[in-house]
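What follows is a single structure, and I will ask about it in a moment.
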Amino acid sequence: MKKIEAIIKPFKLDEVKDALNELGVQGMTVTDVKGFGRQKGHVELYRGTEFQISFIPKVKIEVVAINGMVEKIVSTIIEKANTGKIGDGKIFIYALEDVIRIRTGEKGESAI
Amino acid sequence: MKKIEAIIKPFKLDEVKDALNELGVQGMTVTDVKGFGRQKGHVELYRGTEFQISFIPKVKIEVVAINGMVEKIVSTIIEKANTGKIGDGKIFIYALEDVIRIRTGEKGESAI
Amino acid sequence: MKKIEAIIKPFKLDEVKDALNELGVQGMTVTDVKGFGRQKGHVELYRGTEFQISFIPKVKIEVVAINGMVEKIVSTIIEKANTGKIGDGKIFIYALEDVIRIRTGEKGESAI
Amino acid sequence: MKLMLNILIIAILTVFAGIVSAEDVAQPSPAVAEMEEVSAPADAPKLDTGDTAWMIVATAMVMLMTIPGLALFYGGLSKRKDTLNTIAMSFVAFCIVSVLWVIYGYTLTFGTDMLSIIGAPEKLFLSGVAVDSLSGTIPEYIFIVFQLTFAAITVALVSGAYIERIKFSAWVIFVILWMTIAYLPVAHWVWGGGFLAKDGALDFAGGTVVHINAGVAALVGAVMLGKRQENVLIPGNLTLVVLGTGLLWFGWFGFNAGSALAANGLAGIAFINTNTAAAISAVVWMLTEWSHAKKPTLLGLASGAVAGLVAITPAAGFVNISGAIVIGICSGFIPYFAVASLKPKLGYDDALDAFGIHGIAGTIGAILTGVFADPSINEAGSGLLYGNPGQLATQFVAVGVTAVYVTIVTSLILLIIKMLAGLRVDAEKEVEGLDESQHGEKAYNL
Amino acid sequence: MKLMLNILIIAILTVFAGIVSAEDVAQPSPAVAEMEEVSAPADAPKLDTGDTAWMIVATAMVMLMTIPGLALFYGGLSKRKDTLNTIAMSFVAFCIVSVLWVIYGYTLTFGTDMLSIIGAPEKLFLSGVAVDSLSGTIPEYIFIVFQLTFAAITVALVSGAYIERIKFSAWVIFVILWMTIAYLPVAHWVWGGGFLAKDGALDFAGGTVVHINAGVAALVGAVMLGKRQENVLIPGNLTLVVLGTGLLWFGWFGFNAGSALAANGLAGIAFINTNTAAAISAVVWMLTEWSHAKKPTLLGLASGAVAGLVAITPAAGFVNISGAIVIGICSGFIPYFAVASLKPKLGYDDALDAFGIHGIAGTIGAILTGVFADPSINEAGSGLLYGNPGQLATQFVAVGVTAVYVTIVTSLILLIIKMLAGLRVDAEKEVEGLDESQHGEKAYNL
Amino acid sequence: MKLMLNILIIAILTVFAGIVSAEDVAQPSPAVAEMEEVSAPADAPKLDTGDTAWMIVATAMVMLMTIPGLALFYGGLSKRKDTLNTIAMSFVAFCIVSVLWVIYGYTLTFGTDMLSIIGAPEKLFLSGVAVDSLSGTIPEYIFIVFQLTFAAITVALVSGAYIERIKFSAWVIFVILWMTIAYLPVAHWVWGGGFLAKDGALDFAGGTVVHINAGVAALVGAVMLGKRQENVLIPGNLTLVVLGTGLLWFGWFGFNAGSALAANGLAGIAFINTNTAAAISAVVWMLTEWSHAKKPTLLGLASGAVAGLVAITPAAGFVNISGAIVIGICSGFIPYFAVASLKPKLGYDDALDAFGIHGIAGTIGAILTGVFADPSINEAGSGLLYGNPGQLATQFVAVGVTAVYVTIVTSLILLIIKMLAGLRVDAEKEVEGLDESQHGEKAYNL
């Protein structure tokens, strides 16, 4: 089992989510985050004084999946979240030791 | 050392937190997240037009603990966060390479 | 490659971010979180009734870096986020299996 | 839902009845007007444009107190997830009372007195009221809608104790019943020529009729509804509370100075008394909190101001400025202790302190009016300090009678609704928030 | 940007022109005043302080309807990322119209009628208006600024259909052009002695001039602008919507009862009709929603109230209370279906239902005024129910003429702007939100 | 804290003193009234209900400017974590001034002039003022409370420069001292028959007394307090800023048109001048920003409107519409550069530009009144353009005297408070936010 963590542009969330659903991914967890990276922030202007906002709103999607699915999930995310512009984000992949479903107490792959 | 990451229903947070405290867990980090999963979202209604909210508010609890505690922590979370209904959430367990306490620079288990 | 995850006091974020930039860290992801730990929360007061807020606002910084940078990053964070008071936070270090840049599809260290 | 549809049908039916009766009236009304003109020669009341101007505006100001004033005051104090439901309770109360008032509320309150108990139904659908009908020196239509705004806010005030657990449908039924059998009679007794008016009870702008009435109903309901799952005050948005306080304060000038029903010196003293009591009450509440709980809060300032406004309401046109100051000081610390000490001890769950503030401060005001009423301000009232101890007794009677009556009626109404439709939402839906379960909407999509 | 600078320059130039003309006027004006005084003996109009008091306040109340009333009503309904832009559209409309109105708007509307089409430019820069000039029993200055507030809100209302996609610069130009060639003529036709006034069309406070006018322009623009990228209503902050509704309701008393231009019984009936129609309309919308979509929403209550206020506008000083109730019931469910069923079917993207509510409810009100106008309320109007079917026809003509004229003019204006400056922001900037791209600011830093 | 308790005790003591004095007065006051009636025959002033109606409402409108108007305008501009503290500063200022004004403020300002410096303490606790006392054609009580609202907002305005770092306790003391030794004398000099009044300085509604006074005090305090840890404007909630602007604009009609103290043509021209200057100033600010900083902001529109309202304040009842337009244009760009260019250069930390907007625009208005005052509008004033260059000099003197006096007094007050209680919160608590450290509450629990 792996955890796939993708940092993407917020307005791509719906598309990515729907595509993953079609792929058979049954669950995911999404967090609003702020990104710092090559893509630079914007400027706000209050009473003539500029105010640099250096972070950029992003969303983090976390999906836990069996090893066999990782490849497909990654390529689906790349396909859907890609705009070709700086700031499209990253995917990080981690190993996972165990998963437990709280409702039933199931462990391992069947708990995903 | 392991990281235990639990996605639970928000209104269970207080109970879980208190139970973990009693168990001797001294620290944890909590994040508001949105969950997609088997539990489906709700419908909002603006001027007669339905608007499907597909995500469900959840909280993510992260606890870093020594290996010996993992079992107890997991079973405590299951006990407290369980409502028996779909959407109770998951627990993910990860290996951790190191912990450092910023204040003192301590490393490893004593830094937890 | 490793992921360095630091939980720090929010008002230290700018300093840490700038120091990491200088170090050559090109990206990071920041999340607002609530911390429970040795540092205790504060009390709010509504119509004479006290209301204990047990969580403390913190920020989580996540940086993915090549192994060679980890040491420097950790010591930079310790240096900048340290106030010497309880609640300065923790740094957690995880192994990472892979990184992909969504825009280009690059994998591994060059994708960071 | 069926109930709702029935209400709709009844509403439409009554409207048709109204059209019929209105057409009947269309003919006679010029005649009435003519007669008035004929009998007008010497000292007949004449419309005064200045008084009318003031009372039109005063009415609009009191309207503003409920929507959005009280609605946002309460809405900001409620938990985030219950904000809209709390607001909707005030909003719908204003709307329903507005409609029922022109249908039967006005005439049952201000129609010819029947047995000192209730007004006669002679002006159902405002029949008989014409464009040139006067009430004193102002158009009767303005008098009607001025009084309407009082009825509406009284009902809305009650909701403060019921929020975060009562079903919206139960509240809708409550509004209709409580306005009809609790508010209308009490308003008639005090203002419509009923027995408390005859007894000489002093209530300039509604200490008894509005605040004690609503405050006691709030307490009764808080007890009968029981505690919320999360029995604690977590204001979702205090900026709304400040906004609501400001609009209430502003509107209260219409409420109190408008109760002079004219643009004159009495309105002037009522205005300055209102402002003074509110201000000093806010300061005293802040200081009390500062010494008792270590910090002065903005919510304390706002609560103190509202308590001061409540307390000065019955007294505004009777007392002099020193009386107003004393009343404001009392309303600055007594309700504080009621809310911060008494409530936790007794354990009832008056969510937004509708009783703690309106009931308590209203009683303070009603009683102290009997002490400080100064005949040099208003000949109609003379209190203990001016050699008339009997007035104090009369005030106690008025408070007592109202409290007892409202307690009985409110209990009955809630019992009936409990049997008919149930009072509370499911525990789970309560925790989830009433905005979603009752309305399917969310206050903020930020 | 150049356009903007040009506007600035023109503004400054006109000001200097104005100073010159004002100085010219400085001399004659006392003479005029004198003449008026000379001719004043018997039944000359005299300033009435009561009427003046009421109309000053009524004007301020109508001003409040746009800033912050409508601005926040619309702002709260828009998506979070477009909140400020939506607010700015109403805000800038009020400001621009305010300036242009005193320069040329007033005289083109209320100057001596020319060919039943437009007013003469005799009072450019208010020249000839003196401190003691009267309009009826009130200072002419108050009449001028009272009418100004109507022009301003009409333009602002249109924005509800255009938001979340139109460039801010395009909107600024639109405001100037539309106010000039759409609003001024229609206002002259109905109120300034133009042909619709001569035909006897009844419009007490602006059903045709304000709401149908704005509603149709909204629809035309919605079609011409095309759909938003995210064609869905996600209110960013419903507490602002309630606040806006409350301020609109409050201000509407100034709008409708102020249209009596005096503090009298006619203002009284207009006031109570306004409140009654709004209240019952809110209740009916809520019940319709409850049975049709399963839940009663707060937004439904607010929308119903606004629809009721719109519908009663042309009728407020003509119908009796039963007429107001029927009008309120109709505005409670017809616009609901227009918004919830018709709009999705036809597919135009009227973002905040400026047409669905103002256009539809305005038409309901205009037509029903022709049915319910009761001569015992106001001699000036007699509807179908009172034996005058011709009035109904006249009302249809007024609505039709206005709708056709506005459709043509609005299309032309938008076409011109499209060629000059472009109408819509880039798709990407639209998704990102107009607050950032148009203004570089953010509603909330929470 | 001890200080606070002492204040409480003093308050209570003074109240008892007040009761005693009030009782003394209770007897004579009818006598006074009688005398007035006796001397009333021919041309004695009589209460005018229209004027009274207008002034009651105007007073309520000005009250609304501080709570919630200014409170939310400033609160929305402050950082999220300082929102409540900022609001509380305006709120508590209004309350404290309200109480002190009826105790001694009114009489020291409007009591019999003593040496052209201050009023006599003859009306402490409003003794001698009766229900039928008149001030012109309106009840004296209304005049008193109208003037009260001016004192209150002036003090509250100052807070804009002090926020996000000053201790709440220091502010409470500041309010008491500054109102007493800065505001009361200046108000007496200009309006109470003091030396500036005798010199013929023109200040229709408070350019000098209110805005320059507050603006200079703001600047002095900004310098003495020093910079905030985070010396930058990050508006927490711009929707509150718009709301505040709207309420300020609305209330300003009461402020300026109410300063005519009657419902007449002078109120009319003051009203339309107020609206015009605000509107054009907003537009010019927006255009300036558009060309200078590339984007037109909503905050710019709001700031421009407020600057225009400030600038027209001294001029509202003296200039004609062209004068208002020129004043509005100047207030649209001069304060912009003061705020965007001068402030960063000079480096003082005027957090919300209380000086940059109120001080600068107030000065523009005071000076330009000396240029544009048109005797055909108001016989009392004739400016440079109408052949009276001396007026301009008088205006400069009034501005200069006020600025110098306020600078000295404000410095002294702040020095005293610094020694007594300290001015600033700890740096750490400042970063954490003053809402938590000063009040233990949070604006939003969203």
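Worth pointing out:
In order of appearance the chains are A, B, C, D, E and F, and numbering begins at 1 in each one.
As a convention for this text, contacts are C-beta pairs under 8 Å (C-beta built on N, C-alpha and C of every residue); 3 or more make two chains touch, one makes a residue touch a chain.
Just so we're clear, the structure is a prediction, and the values are computed from it rather than from any experiment.
Common neighbours of chain A and chain F (chains touching each): C, E. The minimal number of chain-to-chain contact steps leading from chain D to chain F is 1. For A-F, the matching interface among the pairs C-F, B-D or B-E, defined by over half of the contact pairs being the same residue numbers, is B-E.
Of all residue numbers used where chain D meets chain E, under half belong to both copies. The two sides are thus made of different residues. When the C-beta pairs in contact are tallied for B-E and for A-C, the bigger tally goes to A-C. Averaged C-alpha coordinates give centres for chain C and chain D that are 53 Å from one another.
The mean-CA centres of chain E and chain F are about 33 angstrom from one another, to the nearest whole unit.
Contacts with at least two other chains are made by residues 48-51, 53-54, 57, 234-235, 237, 243, 263, 294-295, 297, 299, 439-442, 444, 446 of chain D. The multi-chain contact residues of chain B, meaning those touching 2 or more other chains, are 31, 45-46, 94-95. Working note: touching chain pairs come out as A-B, A-C, A-E, A-F, B-C, B-D, B-E, C-D, C-F, D-E, D-F, E-F. If you check the complex, the residues on chain D that touch chain B are 431-432, 436, 439-442.
Against chain C, the residues of chain D that register as touching in their complex are 232-235, 289, 292-295, 297, 299-300, 303, 336, 339-341, 344, 353.
Residue ranges on chain D touching chain F, taken from their complex, read 48-51, 53-54, 57, 61, 79-80, 234-239, 242-243, 245-247, 249-250, 253-254, 257, 262-269, 271-272, 275-276, 278-280, 282-284, 286-287, 290-291, 294-299, 301-302, 305, 320-323, 325-326, 329, 374, 376-378, 385-386, 444, 446. Against chain F, the residues of chain C that register as touching in their complex are 11, 42-46. Residues 1, 4-5, 7-8, 11-12, 15, 18-19, 21-23, 25-26, 29-30, 47-54, 56-57, 59-60, 63-64, 67-69, 71-72, 75-76, 83-85, 87-88, 91-92, 94-96, 98-99, 102, 125-126, 130-133, 138-142, 144-145, 148, 168, 237, 240, 243, 263, 438-446 of chain E are the ones touching chain F in the complex.
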